[in-house]
Amino acid sequence: MSLNTFGHLFRVTTWGESHGPALGATVDGCPPGVPLTEADIQPWLDKRRPGQNKNTTQRQEPDQVEILSGVFEGQTTGTPIQLMIRNTDQRSKDYGDIAATFRPGHADITYHQKYGLRDYRGGGRSSARETAARVAAAGVARQALSKLAPLVEIKGYMVQMGEKTIDRSRFDWNAIDQNDFWCPDAGAVQEWEDYLQWLRKDDHNSVGAMIEVVARGVPAGLGAPIYGKLDTDIAAAMMSINAVKGVEIGEGMAAARLTGRENADEIYMGNDGQPVYSSNHAGGILGGISSGQDIVCRFAVKPTSSILSPRKSIRIDGSPTEVVTKGRHDPCVGIRAVPVGEAMMACVILDHLLLDRGQTGGIRGQIG
Amino acid sequence: MSLNTFGHLFRVTTWGESHGPALGATVDGCPPGVPLTEADIQPWLDKRRPGQNKNTTQRQEPDQVEILSGVFEGQTTGTPIQLMIRNTDQRSKDYGDIAATFRPGHADITYHQKYGLRDYRGGGRSSARETAARVAAAGVARQALSKLAPLVEIKGYMVQMGEKTIDRSRFDWNAIDQNDFWCPDAGAVQEWEDYLQWLRKDDHNSVGAMIEVVARGVPAGLGAPIYGKLDTDIAAAMMSINAVKGVEIGEGMAAARLTGRENADEIYMGNDGQPVYSSNHAGGILGGISSGQDIVCRFAVKPTSSILSPRKSIRIDGSPTEVVTKGRHDPCVGIRAVPVGEAMMACVILDHLLLDRGQTGGIRGQIG
Amino acid sequence: MSLNTFGHLFRVTTWGESHGPALGATVDGCPPGVPLTEADIQPWLDKRRPGQNKNTTQRQEPDQVEILSGVFEGQTTGTPIQLMIRNTDQRSKDYGDIAATFRPGHADITYHQKYGLRDYRGGGRSSARETAARVAAAGVARQALSKLAPLVEIKGYMVQMGEKTIDRSRFDWNAIDQNDFWCPDAGAVQEWEDYLQWLRKDDHNSVGAMIEVVARGVPAGLGAPIYGKLDTDIAAAMMSINAVKGVEIGEGMAAARLTGRENADEIYMGNDGQPVYSSNHAGGILGGISSGQDIVCRFAVKPTSSILSPRKSIRIDGSPTEVVTKGRHDPCVGIRAVPVGEAMMACVILDHLLLDRGQTGGIRGQIG
Amino acid sequence: MSLNTFGHLFRVTTWGESHGPALGATVDGCPPGVPLTEADIQPWLDKRRPGQNKNTTQRQEPDQVEILSGVFEGQTTGTPIQLMIRNTDQRSKDYGDIAATFRPGHADITYHQKYGLRDYRGGGRSSARETAARVAAAGVARQALSKLAPLVEIKGYMVQMGEKTIDRSRFDWNAIDQNDFWCPDAGAVQEWEDYLQWLRKDDHNSVGAMIEVVARGVPAGLGAPIYGKLDTDIAAAMMSINAVKGVEIGEGMAAARLTGRENADEIYMGNDGQPVYSSNHAGGILGGISSGQDIVCRFAVKPTSSILSPRKSIRIDGSPTEVVTKGRHDPCVGIRAVPVGEAMMACVILDHLLLDRGQTGGIRGQIG
């Protein structure tokens, strides 16, 4: 248990603020002997990094990760891995004017109420910059997964941006990495881009998004009753990401609409002697434990509240004011939430893999 | 951290299977001096209890709670409170035929795969009977909340059952306890009842549901960055309930559809010197910390897979079979999930109240 | 983390008071498929049980354990195991006169100060009766160890009672179970017994003791830096036992007196290709990790403060009084601490076995 | 729960190796609004720092702490505090010859067995350099204690070095900071110094030590049954320090020798309306909860195994060898363990202060 820590055995504690000298992640419990260098982690950070195209914030951060401990001669030693990212582009002047003002939709007011003070520079600890630390930690998790469960593949993508949704019939796994939106429907990309540019430049607005994250190749048997369920931990992991307001597994909220006949995933024996299912309404998890099907999770990211349109608020002294957020902000923070969702999934899967082999030794009940 | 435990300071560990001798909850960390008798807990169990009307399973369980420890002369002592509920209506013969069969949509197959064996009687540990233990534990949490934060009021209700949704314009807080569905729209009840009876008797089917749980009167300042967020813990708590497939805070998944201008809750100073908000898209939580607004959470419950319609599956030996679940099952388990959702909310709120006063001493930053 | 829980993966939460209806242990995280019946646990409880000979309290408790969950058809299922022991011999009248008095050397005064109230009957939660729950939980741990690490053997014995110490040259492993003191020096037993009877009957006094617990056959590699060290967890486990005031590993406090040349355990290769050591000053643990040598731990138990000789104290109202404890008390509680020390060792070893295979998968670095 | 983390609410995770780029501590759960700068922490690090006099290792490390997060405008914000110390004096050549050799009495062999690889430079993670991170974290704890419980005073000192013990009749609280041994008996210092110099230079040996740590002014009511006892956590904290082999509270191991009449601390009402005790055999803790008396803890530090005298050992390939440790080592590591013991005590006391106010709100049962 801790406020800034997640995970049971693969435990990640993140630290740092948007405009402090650095931020990072302390990763404890990683298996030993996992090949790991900064070059293994950096690509994931680059994927999340702002300022890469016109659809994300123009803030420029190299987000260069340094491994300060836990790795020796290119391998993890089983001791804590400290990952540090220096903050290099801290234009504190951008934020000075909000020192005494609570931005609507932000954590400014609740941090003030709870702690009596806050680091107001760029949102401080509540900034989405914190997610860089998660992505770095997940770089470690991915290396460990590569070794322990090489069939696991984790992929995130946007399925909705505002009113615009993908056409599932055009879903293309390979398209995801080919556009700035991590959108699996190549045909939707131009329209999304036009909309987002209009929204930002002309409408001075922002927009929400829905991200789907899939984990393929996860062995059956991960997760546990009743509070250590795999879906419980995925839900917590995704909900902990900034601006996330909802999380779904499999059918998700739409399950409320279904009947039992529609929803049941029927079971067959596959040709390889493993059970197969007629469908995947369950999202790969039954009773909190993975079934071997794809694990399917979706989460909704609210539109950022940092927009150029004025919104009413108050100052610390209680006086009314209007807030217009100039800074450099993402018109759709959901785009950059894609690699973050993948990161959380990677950490949860690895954690449950370790937890399962701790308790069961990785034995599996036979079928057939 | 534990598999069957939730909570940071107010910690609940549940134990027990559907058809074992008993089930219960070990509650640790409760404040001392809280008035508590079995009569304080029993009404919440009665609310969740099956067999009370024709819309829920006809299984009859008195679900009588016994306090075995932690209470002295009618007050909590600060030591662990053991709550035990005897299982009295265990018709194991109902389940004998599924000992070697995996029911589709149930945890039978994943428990078998993970553990190599399972208590197949009534779903064993994965049975919704486990939720009785949560409700009992929440009876303790509610007593503590009454003492520490008497303004807190927690209410759950159904807002959707299958295709049928409530009419929000007819929302009546007082109607909730007046019908078998915990439905706040009295005008919808008859139709829901007719539908459910048809579904069960004629269609041999079941249906999903959506539950909303609101916590009013929660003080600002509960919750914490970044993984100990209040919404993170609520999401985990709700997702841990059997059959839940999605969890939302405030706008939830619909936030993906909104723009920043629409979504921002503007802030004013209220007449009592406390901040007030123009709306509550955030669901009462900003940056993981309560704002003082109503905390609003929704979760979707899938339709039970235990239906009279045959579904294809396999046996442990891999041979194909068809499963028809006769037993006594809820056509809409969502109904009985309402008090369970309330229970989880009560536990989370109390836990964060204790956690906050542990770290901050309950100080609050002033506004105005 | 929890107040009444110990263990990382094999987690034990005990509950219950001396004079409540029952006490017990909630055991979570046990591996599945471990053979377990009440008959496997009962012998360990019988060993700890009072009233068996004239050297321990004459309180009569059958201490019959009931398994309420987590076991199906004689095997653990991997879900929580609830172990309950009914309190049957609750002579509350023995304790009524101390409701308003703080017994010196007991927790009466600190419980009152901390919680504002206390269950004064028999010490309530602070009674040594709680240790029955640990012993029951360790019965589960021992069954799991039998399956996972069958070479592990755990043995506790008394090496000192007051001024009287064993003669190490007469140490006989087989003598331990042959006398009422779990004393490995058969030649000391008669003198110990005479002394204890005189102490109780004539001197109206009690006496402290030192217990040594050895774990043989523990594989190298259990434990972890820096706060999850095997010796850290053993020290915590032993110190958590009632009346324990000191814990040692290997040379223990005497290490302060030694020089580096004396203290170093030199290393050789054994005939079986495993490292062997010239001595075991380290007590089987190097850098927090087991070396494969015997794990050797000692702890000191203070003399019970419940004696027939009057001691000065105060009442809740602050008035002075004298306390003479009549009840039925052990003149040397250290005797019954022997099986409790063994129990804690068994739980810690199993827990670290699971933790190690969770993180490392049980791989071992080769030597030679 | 974690391998490299301690604390319930005030949680410290340390990271880093002896010869990596840096080491540090991630401190989570610190109360907000605590004044904190690097200058508040540095003096404690300077106290622990090697190379300050001829009685400790001549390794020169400035041990300059940097605060990377969690502090804003000189106050803690309630978010994680990252404390980093750069390793500047890494003479890896000192250690190259032991890459393939297991030093007797060190963790070399067990790390190798457990993890399959190890950072052999200076002991890697098992180096006493790790304790610098604890001392830095405790600097934060002390600042928080100054604010929350200003009467608390924590003091450590050496009471024994090898065969040489202090004369308690000459105990002088003020002498402690006046000599290189943190020795409260000024009359013993010259003899200790002569002995240590002879031991190092002429005898090529090292020696153990016993340290006592006292916490004064701790309010009654900290700690909790049964596994979250204050003495349990102190024992774990001290045993987690490198080279510690035993921990005592109050009478400690000597309690085995006492009778109940001797050991009972009788209770009176003091002039200020608070209970006072005739003695402090209990070491300030009853039933795991502080009584308001001085908390008294002792721990034994073994002699370092790094000595110039040859000791027999083996290489990774199993071949026999002799180890002579040249490097720069403390002849009595116990000296530098003094500030480390103080540090652990400070962290535990603060943690329990937060835990207590979380559960009880800091209420106290009245006496008189």
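All chains are identified by letter, namely A, B, C and D, in their written order; residue positions are counted from 1 within each chain.
To be clear about the criterion, a residue touches a chain if its C-beta (ideal position, glycine included) is under 8 Å from a C-beta of that chain, and two chains touch if they have at least 3 such contacts.
Given the structure is predicted, the values throughout are model-derived calculations rather than measurements.
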Quiz item: A-B or B-D: which has the larger count of contacting C-beta pairs?
Solution: A-B
Quiz item: Taking each chain's centre as the mean of its CA atoms, which one is farthest from the centre of chain B?
Solution: D
Quiz item: Which integer distance in Å separates the CA centroid of chain A from that of chain B?
Solution: 26
Quiz prompt | Chain centre separation (chain B, chain C; CA means) in Å | solution = 39
Self-check item: chain B-chain D separation of Cα centroids, rounded to whole Å
Solution: 45
Quiz item: Listing for chain A: what residues touch at least two other chains?
Solution: 1-5, 8, 14, 29, 32-33, 78-79, 114-117, 125, 224-225, 359-360, 363
Exercise. Would you mind writing out the residues of chain C in touch with chain B in their complex?
Key: 1-5, 8, 11, 13-17, 20-24, 26, 28-29, 32-33, 66, 68-70, 72-73, 75, 77-82, 84, 114-119, 124-125
Quiz prompt | Residue numbers on chain B that touch chain A, as the complex places them | solution = 1-6, 8, 14, 102, 104-107, 109-117, 125-126, 130, 160-163, 199, 203, 205-210, 220-229, 231-233, 235-236, 238-240, 242, 245-269, 273, 275, 278, 281-283, 285-292, 298, 300-307, 309, 311-314, 316-318, 320, 334, 356, 359-360, 363-365, 367-368
Practice problem: Spell out the residues on chain B that touch chain D in their complex, using ranges where they run on. | Solution: 1, 9, 29-33, 78-79, 148, 224-225, 354-355, 357-361, 363
